[in-house]
Structures are given as structure tokens and as C-alpha cells.
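Each chain gets a letter, A, B and C, in the order it is written, and its residues are counted from 1.
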Amino acid sequence: MNTSKKLPMSRNTLLTLGAAVIGLVLLFVFDELFDRFTMQIFKLCAINIILALSLNLINGFTGLFSLGHAGFMAVGAYTCAILTMSPEQKEVNYVIQPIVPWLANVQFPFLPALLIGGLLAGLIGWLLGVISLRLRDDYLAIATLGFSEIIRVILTNAMTFTNGSLGLKGLARFTTMWWAWGSAILTTLFLVLLIKSSYGRAFKSIRDNEIAAESMGINVFGMKVLSFTISSFLAGIAGGLLAHYLTTIDPKQFIFLKTFDILLIVVLGGVGSITGSVVAAIVVTISMEALRFLDGPLNLGFMVTSGVPGLRMVFFSALLMVVVIYRQQGLMGKAEFSWDALSRIGLLPRRKSKSEKGGR
Amino acid sequence: MDFQTFLQQFVNALSLGSLYALIAIGYTMVYGILRLINFAHGDIFMVGGYLAFYGVSTFLMPWWMAVIVAIALTTVFGVGLERVAYRPLRDSPRISIMISAIGASFLLENLAIVLFNARPKAFPVPEFFARNFILGGVHIASVSLIIPLVTAVILAALLWIVHRTRVGMAMRAVSTDIEAARLMAIDVNRIVSITFAIGSALAAIGGILWALKYPRLEPLMGIMPGLKCFIAAVIGGIGSIGGAVLGGLLLGVIELMTVAFMPELTGYKDAFAFVLLIVVLLVKPTGLLGKNLGEKV
Amino acid sequence: MSALLQTIGVNKSFGGLAAVTALSMDVQPGEIVGLIGPNGAGKTTSFNLITGVYTPTSGSIQFEGQEIAGMKPHAITRLGVARTFQNIRLFKEMSVLENILVAQHMRMGTNLFEATLRLPSYMNKERHVHERARALLAEVGLSEHEQAPATSLPYGKQRRLEIARALATEPKLLFLDEPAAGMNPQESVELMDFILKIRDQFKLTIVLIEHHMQVVMGVCKRMYVLDYGVTIAHGTPEEIQKNPMVIEAYLGAG
């Protein structure tokens, strides 16, 4: 609602369009240029963006501390994988116990399977939300963590659906760069629009002061369930993408340590910042790969250590603690990227002031 | 199922439940004082187990000495952890201190992988603990008898400390109202440190007993018992020592008895605690023996 | 004339401790009613019972003839009951304008679909709530602070913002919990005028808790006096001033 609205096309709109075009060109160039290994990391960045944003919606914007994300991812991943597998693949995979007959001959294309996975995760999220969102703070955290573990235990035991701890192997590599980044961009766009809408304000009011929000006519419980459901849906979508990115899934991948990985990204980026989550997802994903050398033999100049597997994760967990203790707001705090902010810090020329524009 | 099998299962359940109770007390005390789920509690438990292992196997201490040294070091470690990871955040939003606790847990697990190696280690069980009795047809490992005894002694000692000593009175004051306690010239930092010391010592004892019962050490061994014992504390009513013991025993009995009566549910064993947790939270969120901590409007 | 609000024998106890006993009050449309009493008399608890924050242990609360006891606060707000808080509860991380916008969400009648897709229907509603929010801010004299963080305002203005936020929910009945708390006599006089002004302008009925007797006596036609959760008196300010039980409650026996 600023004065620039009067212009046919403001500088900011032009800049955004320009950035979008450059982004698309870059994606195209990367797709042509990068080797497979680099592409994989690049795709993982996109999947992590979706995960971080969905966790941030519930933890950052609505102020509910949920630790159940790994479970919703698992629901999306398994649903999508089972639906896309061909009957022959199912026969090969389910060696101990055959898959239930009504699923044996089902095969869907990727998009509907992905959406069904997301919807099922959303449905379960809605159900669990209705059950647990009366709880607060740490009680909610531990209950959601519990749900995620229950989901994992069920996946491990429901042999005729999930093939148990053997997992599912040989999934099609559907998650191309276009799928991964397309979904990530759509998710980001959706979240920006959501947060800037009246619903976003309602979510933030709950985070800020639940009692006041309720007294101002906000259906706090309903809004929490809504936020939780959307978040679970997105986690399910990310799970489906992840399944067809990794091409093998098993229940162990979805232990709650996976939720911690995502939490790390959200905290580093800034709890309650979309920009922060996007940037941190990319930075953390790339540095997780870049720091892989830490796990191998290290040449410290004066000595060469033998490989120390796990050192990389020590670094990231220490980083998480340092950030929480010394810079709680993370990279961005609750701030968001905007072209005007870039001008403020001098990276773009300043815009003309209102009075100068008044002549128009 | 005949009576003998039932008795056998009951003895096992009692032993596991007492062990849960022991660890749950640590959670409940820390939560009572700081309103913090000390996610790292399970990892402190793991540290205790490993320290005892190294005491015996690397430093060749007699086992009793290794146990004492391990408990002492773990206690110092727990107090240090509170200082570094929790104290700077005491006045921050609860979400921050919880993230810090998760970070600490995450860090300890990964450090353990680096320092202790991810491969499981066999815990050397002294002959005394491995001895088997047969009582009325029921097989009892001596460790299964020792665990409930240790828990009972510690419970009695703690109840005495909390209800009969000045430190205990200060603890109760801090847990009721930290600000008011500060105004009454109670050294809150000291009380928090003492609470962490007790909690960590209990975690170490729990870790060592666990290793004697299931002689296998892994860097991630603290996660599941840690979560379950927190759940036990919630079920009993968090903040209440008696509640933690009740919750621990209840959880142990339910886990083992369900599996004994319905073997087809064995695979779901790790989910019982969580299901129980959710049921309790929905039916009686304050737990069986807990008090209500509502928000004043 | 039928009462806008009527409570019949409302009781509330916390763990056996009676906070409010047999609260029976009625409020007629257009009235300004005072609720007074010493600290801890159960005034705020009464507000919390009527606005749905607490559920009464027993008794009936009727708003426009409809039973509202036990309803959720947001549902009661939807019916046309709004409130402010004794300890100001603004949305701290939001601007002054956003505080008002949040309160309008309920009446916007939007849905997730049109809101996230920015359909023209939504954009119209959004424009409308912005216009209305600005009008309300102008009404309470906070226009210049529109973009400021809510908690950067001085105390008196925060109280006014809270009132404006309550008005944004389009209430028929407004509860003010100690609106003059922390104000000097000059500000209190201004507040009295302000309360009368919004009553007339927004066709409100107002119930207020207040310790400043000057304010209560100045604006209220009728008042209820609570002590230890019990209604010990009600009547016009003149009657209350002369009531021996009230004097005793305030000054203590003997």
C-alpha cells in the first residue's frame, strides 16, 4: 500500500521479474552444465527449502514447537513411492511378505502420487493436530515427537504396506531439477502469499499472544490446526520428492534426528523468516556436502588424522548451539528480503523520495 | 500364561521400571526447577555408561572405583552443561532454551560418535552382577534385584533431601516461583547447579545399571531410554519425584506385560510409551500426581 | 426492555477456592456499568467468565438472550463482545496498524483459497479492512503511529490502541479492564470523555472495572461492588457511596 502502486510497473516489480528470469536461466544452465553429483546436491537444496519452510510455518510463524516433521515426511515418502512403483517392482521388493492385494497392481504417475502423498500427510497432520494442539510448548513438542516415532514404528512393522525395515528400493528417479526447484519455488511463493495475508497475521498473533488473539475473535485452535495441516502437507510433498530423489527409502531415515536437521536450518536462518529458511537451506545443504572432508582423513600440516566419521555433524550441532546462545535470531531474525532493504544497506541505489515522485 | 511366567515377567518389569524411574527422577527435578525438557539427559546417561567402560577397560580400575569415578565425572559434566548451554538462556523464550537442549543432545551424540566410535562396545559386566538366581522357578539376574534396591534407596534419600533439608526447601521454593525465590535471597544459580548435579548423577547411575543389564554401549543408546523416561515423568506428573517413580514403574510394567501377553505386538514396543504419553496428556495433562500450572489472565 | 447481558448465579471456583460467588448482574443496552471492589475481589475473573476465558463452575450467562457460558472466547467475540486487558496484551511484534487488522480477521469473511491467491474479492476486503483500521486509528488519535511497533507507544496510547483493537471486532458490548490504570488525573479526565464518545459513536454498551473513583463515578450510571467474589452492593454512584457495606469493604472493619 505505498505510493509506488500508482506506477504502471514499479522498480521493485521489474527487479522481481528480472530476478525470476535470471533464476530460470540459471536453472537451465545448471541443468546442462553440472555433473550428476553436483546436481544431486542442488536438488537436495530445493527439497530442504520445502522442509525448512514447512517447519518454519508451524514453529516460526504460528509459534508452536512441533518436532514431528520426520513422521509427516515419511508418510509422504512412502505413499508416493508405493503409488509410483510398478507391479513388477513391488513383487521384487516385497520378498518377505507380499504387498496387500489392493495396492499390488496400482501404479500412478508421479504428480498424482506426490499430491496424494502430500494430502495423506496433511490428513494425518490434521488428525494429530486436532488431538494434540490443545497442548502447549514442551508438551506439544514431546507429543509431536511421539507421533513421529509412532509413525516410524508403524512403518517398520506394517510389512504388507511398507515392506518393514527392508525399505523400498529401486524407485524411479522422478525428482529432476525441474520438479525439485519447481516445488520449492511454488512452496516459497505460497508461503509468502499466506504469511502476508490476513491468515498470516492471524498466525503471528497467536505466536505473539494467544489469549489476546482468541479475544480478538481469532479461532486460535482452528488456526493452529490449519497451520499444522498445511505444514504436514508440505512435509509430505517434500517426503515424496525425497523418496524419488534418493530412490531408496527405509523407516530408519525418518527417525526424529531428521527433524533436528530441519530444525537446524530453521534456527540458523531465523525462526519466523521465509528468506532465512530459504538461504539457510541452501547454505546448510551445500556446506554439509562441502564439509564431508571432515569425516575423512585430515591433513593438519603437522599431522594426518585418520578419518573421523561424525566430525561434520559435531560441527553442525555445535553451530546450532552457538547460534541459539549468541545469536538467537539466526541469520535473518524475523526480517524478510526486499529490494527496499537492499537499497537501505546500500547494495542498490536508493529510490526517489515520495515528494519527488509526487509530481507524477 | 502360567503363574510362573507371569512372575518372571513381573520381576523383569519391576527391574526395567525401576531403571526408568531412576532416570525419570532426573528429568522431573530439572523440569520442576527450570521448566525445561533436558533433551540431553539421555545423552548424559550414555556418557555415564561410557565413562564406566573406559574406567574399567582402559584405566584398569576395579569396577567399584570405575563406577564412582564415572558418576563423579558425569555429575561435573552435567553441571558444566547447564552452565554453558542453559544458563545463558534462562531469561530467553522457552523455545530457545528447548532448542539449546536439543542442540546439546545432538552435539553429545555426535561427539560420542567421534570420540567413542559408532561401533557398539561390549560392556564388561562383573561376575557379581551377572550371577543368576532361581527363586521359585523364576530366573533372576542379580542386577535385576539390585536395580529396584538402588532406586528405592535413592528415592528415600531424595525425598529426605527435598523435604527435610535447607537445600531441599530452596529447591521447592525455586520450583514454585523462581523470581520470588530470588527475592528471598536464595542463590538460584546454586540451586539449579545442585539440581543438575543430582540429575546427572542419577543419569550416570542409570546409564551404568543399564549397561549392566544390557551390556552394549552405543553413542545413540541414550535417545530411546531418554525419551521414554521423560514420558514416564510426564505420565507421573512432571515436577513430582513420586510421580516420576510411579510413571517409570508403570511404563516398565506396561511395556513388558503387553509384549508378554500379546507377543504379536513386540515390534510396536517402542511405540507404547508414546501412545501412553498422548493418552495421558489428553485425559489428564498434569499427569497422575501433577499439579496444574495455568497461565494467569 | 430486555437486558443485553444477564448473568444468573454465576459461580467460579479454582480448586475449591471460590473466586466468584453468585454473580447476578444485568446490563441494559447503551449503559455504562461499573464493576468495582478491592484487589482480589473477583472483578477480572468476572470479565474472564463472561468473555469465555474461564468456564463458570455453575450458573448462566446470557448475551442478547443467548446462553454463552462455556463458549470459546472467539465465538463470544463473534457475537459482539469485546474486551481489553488489565495487563495490556497488545501483539508486541506487530505494528499499530497490524494490531487493528488482526482484530478484523474474524469479520473479513475470507477463506484460505482467495487469500493466498490474492483474488480480487480478497483484495477488496483487504482494502476495506485497511481503510477501516486507519479510520479507527484516526478516531483514537494514533494515526501518526500507524507503522510504529505497538509496544513502542507510551503507556496511555497503548491503552487506547487496545480499545481501538477491541472496537475493530465490531462489538455491541465492550469490557474495559482498568482503562485508567497508570494515568494521571488529566489523562483520566480525557479518558472519561473518550469513553462517552466511543459509546455514542459506536452505539456501545460498556462495562468497566476501575479503581479511579473519579472515572467510575463520572461515567457510570450504575455499578456493582464485589468483595471476596460476592456482590455486596449495586446501584447508582450516590447509593454506592452511602452504602455501609461498601465503605467497610474498602476501609476495613472498625
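Odds and ends about this structure:
Convention: contacts are C-beta pairs under 8 Å (C-beta built on N, C-alpha and C of every residue); 3 or more make two chains touch, one makes a residue touch a chain.
Because the structure is predicted, anything quoted here is derived from the model rather than measured.
Comparing per-chain C-alpha centres with the mean over every protein C-alpha atom, the closest match is chain A.
Farthest chain from subunit B (centres taken as the mean of C-alpha atoms): C. Rounded to whole angstrom, the centroid-to-centroid distance between subunit A and subunit C, based on C-alpha atoms, equals 42 Å. With centres taken as mean Cα positions, subunit C sits 48 Å from subunit B. Subunit A and subunit B have centres, each the mean of its CA atoms, that are 33 Å apart. Counting partners per residue, subunit B has 297 as the residues that reach two or more other chains. Residues of subunit A in contact with at least two other chains: 211.
For subunit C, the set of residues touching two or more other chains reads 53, 85.
Against subunit A, in their complex, subunit C makes its touches with residues 51, 53, 72-75, 77-78, 82-83, 85, 89-94, 98, 101-108, 110, 112, 115-118, 122, 125-126, 129-130, 165-166, 168-169. By the touch criterion stated above, subunit A contacts subunit B in their complex at residues 59, 63, 65, 131-132, 134-135, 137-139, 141-143, 145-147, 149-150, 153-154, 156-157, 211, 257, 260, 263, 267, 271, 308-311, 313-314, 316-318, 320-321, 324-325, 328.
Residue ranges of subunit A in contact with subunit C, taken from their complex: 1, 190, 193-194, 197-199, 201-202, 204-205, 207-209, 211-221, 226, 334. Listed in rising order, the residues of subunit B touching subunit A in the complex are 35-37, 85, 88-89, 92, 94-96, 98-100, 102-104, 106-107, 109-111, 113-114, 118, 227, 230-231, 234, 267-268, 270-271, 273-275, 277-278, 281-282, 285, 295, 297.
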